[in-house]
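Two complexes come next, and they have one chain in common, subunit A, joined by subunit B in the first and subunit C in the second.
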Partner chain A sequence: MRKRLNSWSWRMEGTTQTDAKIRTEYGTDSSSRGPGCSLRHFACEQNLLSRPDGSASFLQGDTSVLAGVYGPAEVKVSKEIFNKATLEVILRPKIGLPGVAEKSRERLIRNTCEAVVLGALHPRTSITIVLQVISDAGSLLACCLNAACMALVDAGVPMQALFCGVTCALDTDGTLMLDPTAKQEKEARAVLTFALDSVEQKLLMSTTKGLFSDAELQQCLAAAQAASQHVFRFYRESLQRRYSKS
Partner chain B sequence: MKETPLSNCERRFLLRAIEEKKRLDGRQTYDYRSIKISFGTDYGCCMVELGKTRVLGQVSCELVSPKLNRATEGILFFNLELSQMAAPAFEPGRQSDLLVKLNRLLERCLRNSKCIDTESLCVVAGEKVWQIRVDLHLLNHDGNIIDAASIAAIVALCHFRRPDVSVQGDEVTLYTPEERDPVPLSVHHLPICVSFAFFRQGTFLLVDPSEREERVMDGLLVIAMNKHREICTLQSSGGIMLLAEQVLRCSKIAGVKVAEITELIQKALENDQKVRKEGGKFGFAESIANQRITAFRMEKAPVDTSDVEERAEEIIAEAEPPPEVVSDPVLWTPGTAQIGEGVENSWGDLEDSEKEEEEEEGGSDEAIVLDSVTVDPGVDGPSAGSRDAPIVLSDSEEEDMVILEPGKDPQTIRTQTVRAKQEPVPSRKPARRRRKKRPAQ
Partner chain C sequence: MTEAAAVAAESLAGSKARAARTVLGQVVLPGEELLLPEQEDVEGPGNAGERPLRLNAGVRSRVRVVCGPGLRRCGDRLLVTKCGRLRHKEPSGGSSGGGGVYWVDSQQKRYVPVKGDHVIGIVTAKSGDIFKVDVGGSEPASLSYLAFEGATKRNRPNVQVGDLIYGQFVVANKDMEPEMVCIDSCGRANGMGVIGQDGLLFKVTLGLIRKLLAPNCEILQELGKLYPLEIVFGMNGRIWVKAKTIQQTLILANVLEACEHMTADQRKQIFSRLAES
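Right after this comes the complex of A and B.
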């Protein structure tokens, strides 16, 4: 795993000195980090909508997102791509009309999905993912990614790997938190969201907000990879239950 | 995506079935599909399922200035969205006829029936009133959107709590939920829409049409009514001519249905309130049917992150070191500094033709420039002083360069930055020298 991470090297100007400082500062209190790192309770329901080809509602604590997938289906001529499927992501906020924040999230989710969906198997078709925010209580983007993945699985869209979203938050004193609530996100110094694939836990997408050092980034990434194992186990058990006979 | 067209066979089959008083889902003529109401963790958030039709409702509030002609009334705003999730034919961002019709009907049903006391939403007359916004999202379209939407809207409004406000003189204080319990809206009555679909020019009637039935119907009658049997809105669409007694019969049926639904709504609201009061678990997570094979849940999972730091350190240690950069700014003159490596400034190097012109003009300009340099006391003391004399006299090409880099010889500065980096950057230096030479050639 280390090797793989190396390929994704992070460069930041003038951080070599701050690094050392942070390491000495926070190097000792690793024990405080252990219990703080947990994922909120997860719940998922698939195939709950009758109209879309695949649908899933994903809950992380009080954060909840509903996803519907149409596809592979007919595509508008203007959006047609001759050698692969057109992937479209629509994110709808709960209150009001979609704005810039939603557009930016849509793009992040689309890029993540494009990396795993085998679009070349369905050229000149469209795959539409519609996401509806049901309630936002922190880690919304991660929940959107998880819901999108489960809906894609439900729709039977061929993918080379599953993906999950994990959000990390760094406190003002450098404490790492996984799957933060809205309050934790607000108080955090930095919030980092990663999308990871299920095969090798490689990074598919990352988006960050706030200040952090490259050491902290690597820590968050490592923590996200550890957390992703739990999410993928959840996926697996959920699907096992779904395709079980009882 | 386009809607899948209904084939003639299907159409004929459906109509034949209706003629035989049969419905595809086994319901009787006057039966509603099962209604399920669940609440989210926030106030004013609810999900209504009418069979497979699903509507999400969310109420929010905002303090705004009132409308000029209604200075003492709060504002009610309804917005029903037909998300593409509900049906592939719904295009995002397009106001279809259906959407306009539904929104208008909702407004008439809920705003014009005065079911919400808008006067109680006034904070300061003419200045601040509450704007209550009801967002309704259709999540799955399986017919009879309007009934589900009207139920969702009224349930969300009943469930909603707005922050408490107090007015003392001119001062308006808004209390957070922690300071004071939020207050519910005053709801006078619960208007609910009931839809009737007509077939074969009004000979056959069905309550709560499903999506398939809606596609073959000739006309639709929507009656909005409260449990006191007061009609709030009545709308007939589809261009069908109805007999007076048919409308009366429908209103009678609507009365019964509305009473049933109102009871259900009140029960659901009470249940949610009880759970909240007792501090039990509430929200959508609790309403997921756990026995379903498609649903799964996992309790809070601790993640072992004890080795995260070591792993991060290892990765950083193994990763190729970041390119050496000068983080310390190099001070050329007071007020200017350089961060990192730049390319040699070529502003001072004039083109040959320009140089000649300069020379012709004489040294008057340069003298002025030089004055400003010599006046400036901050310029690195002795070295600058020693350089003064030759510059004044010379008309040479180097003069401009000297002005831009007073204080120090470029060579000494170069060595300084190199020392700061501890390691010389070989690739850059030759390039610079070349650059410097070019104008001289």
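Right after this comes the complex of A and C.
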């Protein structure tokens, strides 16, 4: 029991350090962020659950998602695919039962993961990702994608690249906001979420809501690609910290 | 927009394939590409075909590189598919420069059967002439009742459902059901077979097992000095341990579980404290 507590406190320390570092480096505190072009601070903790094969919790500002990955594990015969792994994503809302919105998000996350996971290496197995929303304060889908990626890395599932999610919001007067809060999302004219890979920052998935022009889409994509660099740098830092103790 | 372009250009420069030799022991992430030593001095893979003709060119290109877990061949480079520390082992036939085995040392919990691995399994079913053994992989392994020392058609081994088995994989690939045996190629048990009644089985990460089974592992030597013990390591992350009393068994199990995230100094402290009590 004592060992448990120790490792927990060490991890908590690590998380707070991360917060402080990111905040000082990019000045991305949610209160002090500039006119739209910065991310809220992130924090990530890996391997915090004992039962799943991989787990991670990801925080973006006040949005927080917990992810667990099981796999490559046994698969039901009805879901078995003979030449690749069956990928399954389950998204649990904070309260109540999952509805249509959750099902649609699950599908988007699953398609993103299928693009990067090398499922052909583990045929006739299942890889299950369970995402639990802990608090939703805007950019939920992006946070879910980030949590899923970190949990997949933790589980050691073979992947050809990492991925991250970035949400952009366009104001009524056309100003661009990255990583919007729930309030900003509500007031925005359009909300766009992209999933990008770490090798060439190529688009893996995009979902949009609202009205925007072609040029604005390109602008949002470019901003998301720039922001993804920060996320990937954060991934590297937090993974290096995890492997520093061994 | 200009800022975005600048960042993108920087990232391209940043994610350029690094030489495998320079990142040994460092953390690599999925998606990274690594250059092999023989490609470093031909300035990029593009002009490999226009290399000046050499008398001993054939000798130079005969460098054998083996991709271990977490790495894949991608053209003439190595693509990292798992997160962990990059490791390298020189080929056994002396240092020919550049060859050998590269792999990624990751800390995962899920086991994937590998041919030749020694594992601890739990018998889950008996059906006809085979046992089904749970080894923690994606499907149970099969174990023939003839694959025990001294077993014949008439003389069946005494194996019950729920027994622990220490065995070795003879068939393990992604497309087929894994198959275990409890004898070596000479038909000897060689330590394998059913594990005795008492003792404690617990699970740890696969990285810890590899660390403990490394030659001259100091943790094991320290444990051996502490109490007399019997211990079995399965490459699938399972450890079975038995000491004289239940209390000693539990202490050993706790120490083994805890030592994964400790530094060498912390370990020394723990062992000295245990030796006193």
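A few points about this structure:
Basically, the second predicted complex is superposed on the first by the 209 of 246 C-alpha atoms of A that agree within 3 Å, B and C clash if a C-alpha of one lies under 4 Å from a C-alpha of the other, contacts with A are read in each partner's own complex, and residues count from 1 in each chain.
Quick note on the criterion: a residue touches a chain if its C-beta (ideal position, glycine included) is under 8 Å from a C-beta of that chain, and two chains touch if they have at least 3 such contacts.
The model shown is predicted, which means the values in this text are computed figures rather than measured ones.
In the overlay built on the shared chain, the residue A:A223 is in contact with subunit B and with subunit C. Of the two partner chains placed by the overlay, neither subunit B nor subunit C lies in contact with A:S104. Comparing subunit C and subunit B on the residues of subunit A they touch gives the larger count to B. Of the two partner chains, subunit B is the only one touched by A:L39; subunit C is not.
Residue contacts after overlaying the shared chain place A:G156 against subunit C, while subunit B stays out of touching range.
In the superposition on chain A, contact is made by A:L178 with subunit B only, not with subunit C.
In the superposed model, A:S238 makes contact with subunit B only, not with subunit C. Residues 10, 47, 73-74, 126, 219, 222-223, 226, 242 of subunit A contact both subunit B in one complex and subunit C in the other. Those residues of subunit A that touch subunit B in the complex are listed here as 2, 5-6, 9-17, 19, 23, 26-27, 30, 33-35, 37-52, 55, 57, 59, 62, 64, 66, 68, 70, 73-74, 90, 92, 94-96, 126, 128, 130, 132, 134-135, 137, 176, 178, 214-216, 218-219, 221-223, 226-227, 230, 234, 237-238, 241-242, 244.
Of all residues in subunit C, those touching subunit A in their complex are 1, 3-5, 7-8, 10-11, 15, 27, 29-31, 70, 72, 79, 81-85, 106-110, 112, 137-139, 174-175, 207, 254, 257-258, 260-261, 263.
Subunit B makes touch with subunit A in their complex at residues 1-2, 40-42, 45, 47, 52, 54, 56, 58, 60, 81, 83-88, 92, 133, 135, 137, 139-142, 283-285, 288-289, 292-309, 311-316, 318-323, 325, 327, 340. The part of subunit A that touches subunit C in the complex is made up of residues 3, 7, 10, 47, 53-54, 71-75, 116, 118, 121-126, 153-156, 158-162, 197-199, 201, 219, 222-223, 225-226, 229, 235-236, 239-240, 242-243, 245-246.
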